[in-house]
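Both complexes below contain subunit A, partnered by subunit B and then by subunit C.
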Partner chain A sequence: MAEYSVVGKPVERTDGRIKATGAAKYAADLIAPGMLYGKLLRSPLAHAKILNIDTRKAKALKGVKAIVTGKDFPGIPYGTRPDTRDQLPMPVTKVHHFGEGVVAVAAVDEDRAEEALDLIKVDYEELPVILTAEDAMAPGAPLVNELSKSNIAYFSDFLFGDIEKGFKEADYIREETFSSQRVTVGFIEPHACLAEVDPTGRVLLQGSKQSPYITWRHMCRALDIPVSKMRIVNPFVGGGFSGKHDPFDIDFATVKLAQMTGRPVKTVLNYDEVLAAYRQRNAMNAKLKMGLKKNGQITALRTECVLEGGPIAGIGPFNIYYFGAFQNVPYKIPAIEYHGKLTYSNRAPCGTVRGQEIVLAQYCLDSMLSIVAEDLGVDQVDIRYMNAVTSNWHAANGLIIDVSGLPECIEKCGKRIGWKESRTSRPKGRGIGYSCASHPSGVRLGGHFGSSVMLKLLEDGNVVVTHGGTEIGQGSNTIFCQMTAEVLGIPFESVIQGVSDSDTTIFDSGMFGDRCTYWNGNATIAAAKDLKRQLAEIAGAELKVNPEELEFKNSMIFHKERADVKMDFLTAVRRAYYEKGSPLYGRGYWAATDIDIVDWKTGRGNLAHGLDFIATGVMVDVDRETGRVTLIKGISADDAGQPIHPVMLDGQVNGGSAHMTGHALLEDCLYDEKGRVLNHTWRDYKQPTALDTPEYIVEHVHTHDPYGPFGAKGAGEASSCSSLAAIANGIYDAVGVRIKDLPITPEKILAALKKKEGK
Partner chain B sequence: MFIRRLPKFEHHAPASVAGALGLLKKYGNKARVFAGGTDLLLAMKKRALTPEHLINVKNIKALKGISYNDKKGLKIGALVTCAELEESPLIKEKAPALWDAVCVMASPQVRTLATIGGNLCSAVPSADTAPPLIAMGAQAVLSGPKGERTVLVEKLFKGPAESKVARNEILTHIQIPKQPERSCAAYLKLMRRAAMDLALVGVAAYVCLDKDNRTCKEVRIALGAVAPTPIRAPMAEQTLAGNEITEALAEQAGKVAGTVCSPITDLRASLGYRCDMVEVLTKRAVIEACSRVKNSTKR
Partner chain C sequence: MKIHLKSNFVMPGVEDREYIEFAGNEITLRQLLEELQRLSAPMPIEYVRPGARALDPDDWEAEINDIPYQKCDRELETLLKDGDTVNIKIMSLGGG
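Take a look at the complex of A and B:
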């Protein structure tokens, strides 16, 4: 294994002190001279025609500077994919969900803006409400989205391997259904942005954005301006988790208000608005049919999945695709049939949440595996080990797994949580649940998927890194500084993180799918090597050696065989600046070219590099009288390749586990029969607190990915994929009842216990 | 529909109880007493309440402080915060059930603001300080235009979010009588999550044992979040009074308590679950209170 100086070391986060001391500036903290304040009037109805909007009284209110409705936009639809452009900046003819922004106001202060909202009268004509996938697909159901001819927003039908043969070869076949609720995304910082327009009409947007490139492209399209007419600068972002990729009504309205007034406008949401009207995870109904040999070896899998996603397709097509594609890992399944549908509804629009819909797919798959293992009398750990994907595995859909540490993860996790011992004795009401998962390090969803990095070498020998990724708490800024320092042989402290600004940073397809470390990491290495090459040429000429034979370490440039032939790193930098008059830049980009761009029709292909793996064991106590579940211990053994920053890697693994405890046990976005949200407060929407999470322990299985930067793989999402089933399986192990509709509430457990005991 | 900015109001900060009473008389129904503000300001942001005048009582020294007198027992000023109660060795020693309650209320941050007086005067059915105070036989002392009056905390509540503190009165302090020997109380709270949550069910049990340390001499059981107001469960108490408290008897008392409550089904829990949980928590609270008595007499 290679010896690294900076990579693999727990250096101080570049943003650690500034965030911990409260000095970091987020979008809501920004102030511009002459700034106005924006507020949105939201729909009290989930589905209704907009008959009339009367803003006359509000306009007449002193201090109100502009009012925007959907009609003020060019009417150009946008969407994640060219075939799913089904969104408008703000509604024009009808509202689609409770809390949708209908009118926006800019005023001299927030009180005035709120007062103006009170003076606006919107006449609605109520329409029938579609709440579930079943409602959406019912014959004669009213259409939710006026830009689409069907309530089915997207579908996928995949067939991998010989499914008939697979089931024929099975000794045992079982079918089960599973369902999952709507959950919110769960970042800390509510949506906020500041928009300014310069005298040439160029827009500057500073918002809380996870994937500024996506926001930028969609906004320019829907505003009908070229991308050069808009600049996006990202301030600090208080978490993303897939809830902040695309532009929202707040972003469009704020920009439009700034355009209309010529003054900066800032809009900051309250969290109740976020809980009611912004991105959530799809509700799911799934049916799995699994065939196995007597010994537990899986021979075939048939999966049906229906996701309900609110009034937009959004990234739903990816969710449906992911659900099907990632039945192919982490277990060896030779034949898979998949049918997935995404439906519209009049609930809040969905994006996804950490781990994307692999979270749901894995919940179904690993719950199923636990059920059949028990039926067949095969040990829970053994059945996973037996079916686990190994290195150089070619999955049924064409996915090639280069390196898999999964079998070792399964062993390590089982040992650490004491699985074997627990089979002979354990306290009453205690159980251990097991689940595995795998997540790709960034799928190539389209041709424009790529990552770029620019390094500027300053004349004092320090380097500024600008990359297209976004620091959303995951630590990307820190690790790219680490990688730059490693390649250039300079201290971590000599690398500075630059601003995320669309004028200087280069495009990046976004922060999702565990792609940041992998894709931007490779781009960082390429950029650092580009810089290194230029410095080596300078040093080589002076030292009269072949530049390719020079090495960079400890801020020195030296010949790899003759250590006395050397030059200070800083001397080489000064030669460039002070003698040649040539500033130095390193440029790097990376887009995986030896994998396949996703084939949306068949789902086939080698979709991604860097499959990361995890085995999770959760120890739970269930109180048989109250139904309350207490998580005692959570062990994750993960294969994330070469850890770049071991402490942050632990944080990512534990963060994903903790995040999903809410989905498993507590969280649920509730709606009444008219589609009105019932629990859009932190009091009534139950996200877990630190006290709800168990003691977490992470065991790393250190592998080397052949394509990853320094052998690293992605890491932030696998643990979220393994957590739901681990908890569900643990509860079953503890008290012998299996709840297949999430969340697993105390009431459901008690009801199932009563039923089981024949009460 | 959504939380808004605070509505406009006039802020008054009297330095004495008399000053506060004068302002209450002057502004009548247009005024609200403002202490910790953790309930009131949120209600105002939701426009559930829009008082024109806030009478901020936080400057009134007479409403502060915790003291103990061997005759009268514990005196807790209405302005004492949940955090002060939590940190008070006196409370932990003399009123452990109240200590149980404040430790599981809201978040540590909110506890530094929220006051015991506010918790009682807001009078929500799930007010955590109410069941332990009722179980311990505590009294609320109110000041009004005609002077002081004393009301059992048990009798302080009228309905959801409605107390019997008149609009021209303020709650000045809580008096917890000196607890007899071989007695103790416990409060158990069931929440959906482990912290920062409202009670689905809260049960406080007070028991006083006979010299044999087994027979129940006196008992009070108070339930929270399962009726329009915090309530006593006298039938359940009768099950225990005069008898030796065994696990089976505690369970029986729980069953009875489950029939006297009148909860609702809401977002947080169903009626049926709440009744079931009254049974479980009553049993556990009674057993816990007994074991506290036994542990303290052992020492």
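Take a look at the complex of A and C:
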């Protein structure tokens, strides 16, 4: 294994102190001279025609400066794909879900804006409500989205391998159904933004955004302005987890209010609004049919998946795609048939949540694997080891797994959680659940999908990094500073993180899908090498040696073989600035151009590099009297390639596990029969706290990914993909009841226990 | 004339068709895309913005017989021949 000076070391986070001391400025903290305050009036109905909006009284209120409705926008739909553009900035003819922003007000203070909302009268005509996928697909069901001809927003049918042969070769076949609920995304910071318009009409938007490029392009389209007429700057972001990619009504309304008034406008949501009306994970119904040999080897898998996604397609097509295409990992399945559908509904719009819908696919797959392992009398660890993908594996859809540490992960996890020992002795009501998962380090979507990094070397020898990725709390700024320091042979403290600003940064396509470390990391290395090359030329000329024979270490530039031929790093920098007047910029870019662009029609191709792997074991106690589940211990053995920052890597792995604890056991966005959200406060919506999470232990399996930066892979999402099934399987192991519809509440466990005991 | 269709997505209106046929023996790439837009109704997919000289590269890529349309002599106005293959790829902006 290579020896590094900065990479692989637990350096202090670049943003650690300012965040911990409260000094970091988030969007809600921003203030601009003459700033107005924005507020949104929300729909009390889930589905209704907008007959009339009377804003006269509100407009007459002193201090109210502007009011915006959907009619104030150009009427250009936007959306993730050009064939699913089904969103408008704000509703025009009808509302689609409870809490949808219908009117926005800008006033001199928040109280005045609130008061104005009370004076606005909206006349609605209620429409029938679609709440479930079944409702949506029923014959004669009312259409949810007026820009679509159907309540099926998207579908995919994939076939990999010879499915008939696969089932014919099976000694055992079993079918099961699984379902999962709506959950919220779970970031800490609610949506907020500040919009300003300069005298030329150019917009500056500073918002809490996960992927500012996505926001930027979609907004410019829907506002019918070129991207050069909008500048977007990201302040600190308090978490994203896939819930902050898109522009929302708050962003559009705030920009429009700023355009109308010529004054800065800031809008900050409260969390009740976020829980009621913004992104959630799809509700899922899935049916699996699995074929296996007697020894537990999988021969075929057939999956039907229906996701209910609210009134927009959004990134739902990706969710459908991921669910189907990535059933090809983490297990060797020679034949897969997949049918996926995304339906509209009158519930809150869905995006996704950490791990995307691989989370749901893996919940189904690994729950199924535990069921059939028991049926066949095969050990839970052994069946996973036997089917685990290995290095250089070519999956049925063409995905090539370059490096897999999964078999070792499975072994390590099994040993650390004491699986074998638990089979002979364990306390009553205790169980161990097992699951594996894999997640790609970014797929290739086509269009703008490269990553770029710019380094500016200052005259004092410090380097400023700007990159198109987004620091949303995961630590990407820190690791790019580490990589820069490593390549240039300077201290980590000499690398400074610059601002994410569309005027100075070439934006990345987005911070999602475990791609940031991998793609931007490679771009960072390329930029640092570019800078190094320029410095080597300066030093080489002065030292009269070939620049290619120079090495950089400990802030020195020296000859590889003649230690006395050397120059101080800072001297080389000053030669550039003081004697040549030459600025020193390093430019780097990277894209995996040797993998296939996503084929939405077939799901086939070599879809990604850097598949990261995880094996998760969860020890649980289940109280048979109350049904309460207590998580005792969680072991994650992960293969994320070369850890860049081992402590943050642990945090990512454990964070994913903790995050999904809520999905498995607690969380559920509840709606009444009219589509009104019932639990949109933190009092009523149950997310896990530290008291609900177990002792977590991470075992790293070090591999070296041939394409990854320093051999690293993505890391933030695999543990979220393995956690649901591990918990469900653990509960079954503890008390012998399997709950197949999430969340697994005490009530469901008690009911299942009673049924099992014939009560 | 027969134009073979390839795509990396399910094209609304021609979901199960490997080709489409036209009367006459001349059609430009633009006209083909406009026809595909017409066929995709009632939720028409805009392949070419009215009056645009090129496809929006953030939305679509197109190839004629494996050659990017931008490299063909007349780009969107390139005349397609009987038996030509047009490959339309969707570009997406987003992720999760």
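The definition used in the following text is that the second predicted complex is superposed on the first by the 759 of 759 C-alpha atoms of A that agree within 3 Å, B and C clash if a C-alpha of one lies under 4 Å from a C-alpha of the other, contacts with A are read in each partner's own complex, and residues count from 1 in each chain.
The definition used in the following text is that a contact is a pair of C-beta atoms (placed from the backbone, for glycine too) under 8 Å apart; a residue touches a chain by one contact, two chains touch by 3 or more.
These figures come from a predicted structure and were not determined experimentally.
With the two structures aligned on subunit A, subunit B fits next to subunit C without clashing. Contacts of A:H218 after superposition on the shared chain: subunit C is touched, whereas subunit B is not. Touch criterion met: A:G513 reaches subunit C, while subunit B stays clear of it.
By the touch criterion defined above, A:G70 reaches neither subunit B nor subunit C. After overlaying the two complexes on the shared chain, residue contacts for A:G405 are found with neither subunit B nor subunit C. Touch criterion not met for A:G475: it reaches neither subunit B nor subunit C. Annotation for subunit A, partner touching more residues between subunit B and subunit C: C. Rounded to the nearest 10, the angle at the Cα centre of subunit A between subunit B and subunit C in the chain-A superposition is 140°.
Within the superposed three-chain model, A:K149 lies in touch with subunit C and out of touch with subunit B [touch as defined at top].
In this overlay, which is a superposition and not a single complex, subunit B and subunit C have their closest Cα atoms 28 Å apart.
By the touch criterion stated above, subunit A contacts subunit C in their complex at residues 80-83, 86, 147-149, 155, 211, 213-214, 217-218, 242, 245-246, 314-315, 317-319, 322, 351-353, 356-357, 445-448, 509-510, 512-513, 515, 597-601. Only residues 1-5, 190, 192-198, 267-270, 273, 276-277, 280 of subunit B touch subunit A when the two sit together in their complex. Against subunit A, the residues of subunit C that register as touching in their complex are 7-10, 12, 40, 42-43, 45-47, 56-61, 89-96.
On the side of subunit A, the complex with subunit B involves touching residues 42, 44, 99, 110-111, 114, 270, 272-273, 276, 625-626, 628, 666, 670, 678-684, 686-692, 745-747, 750.
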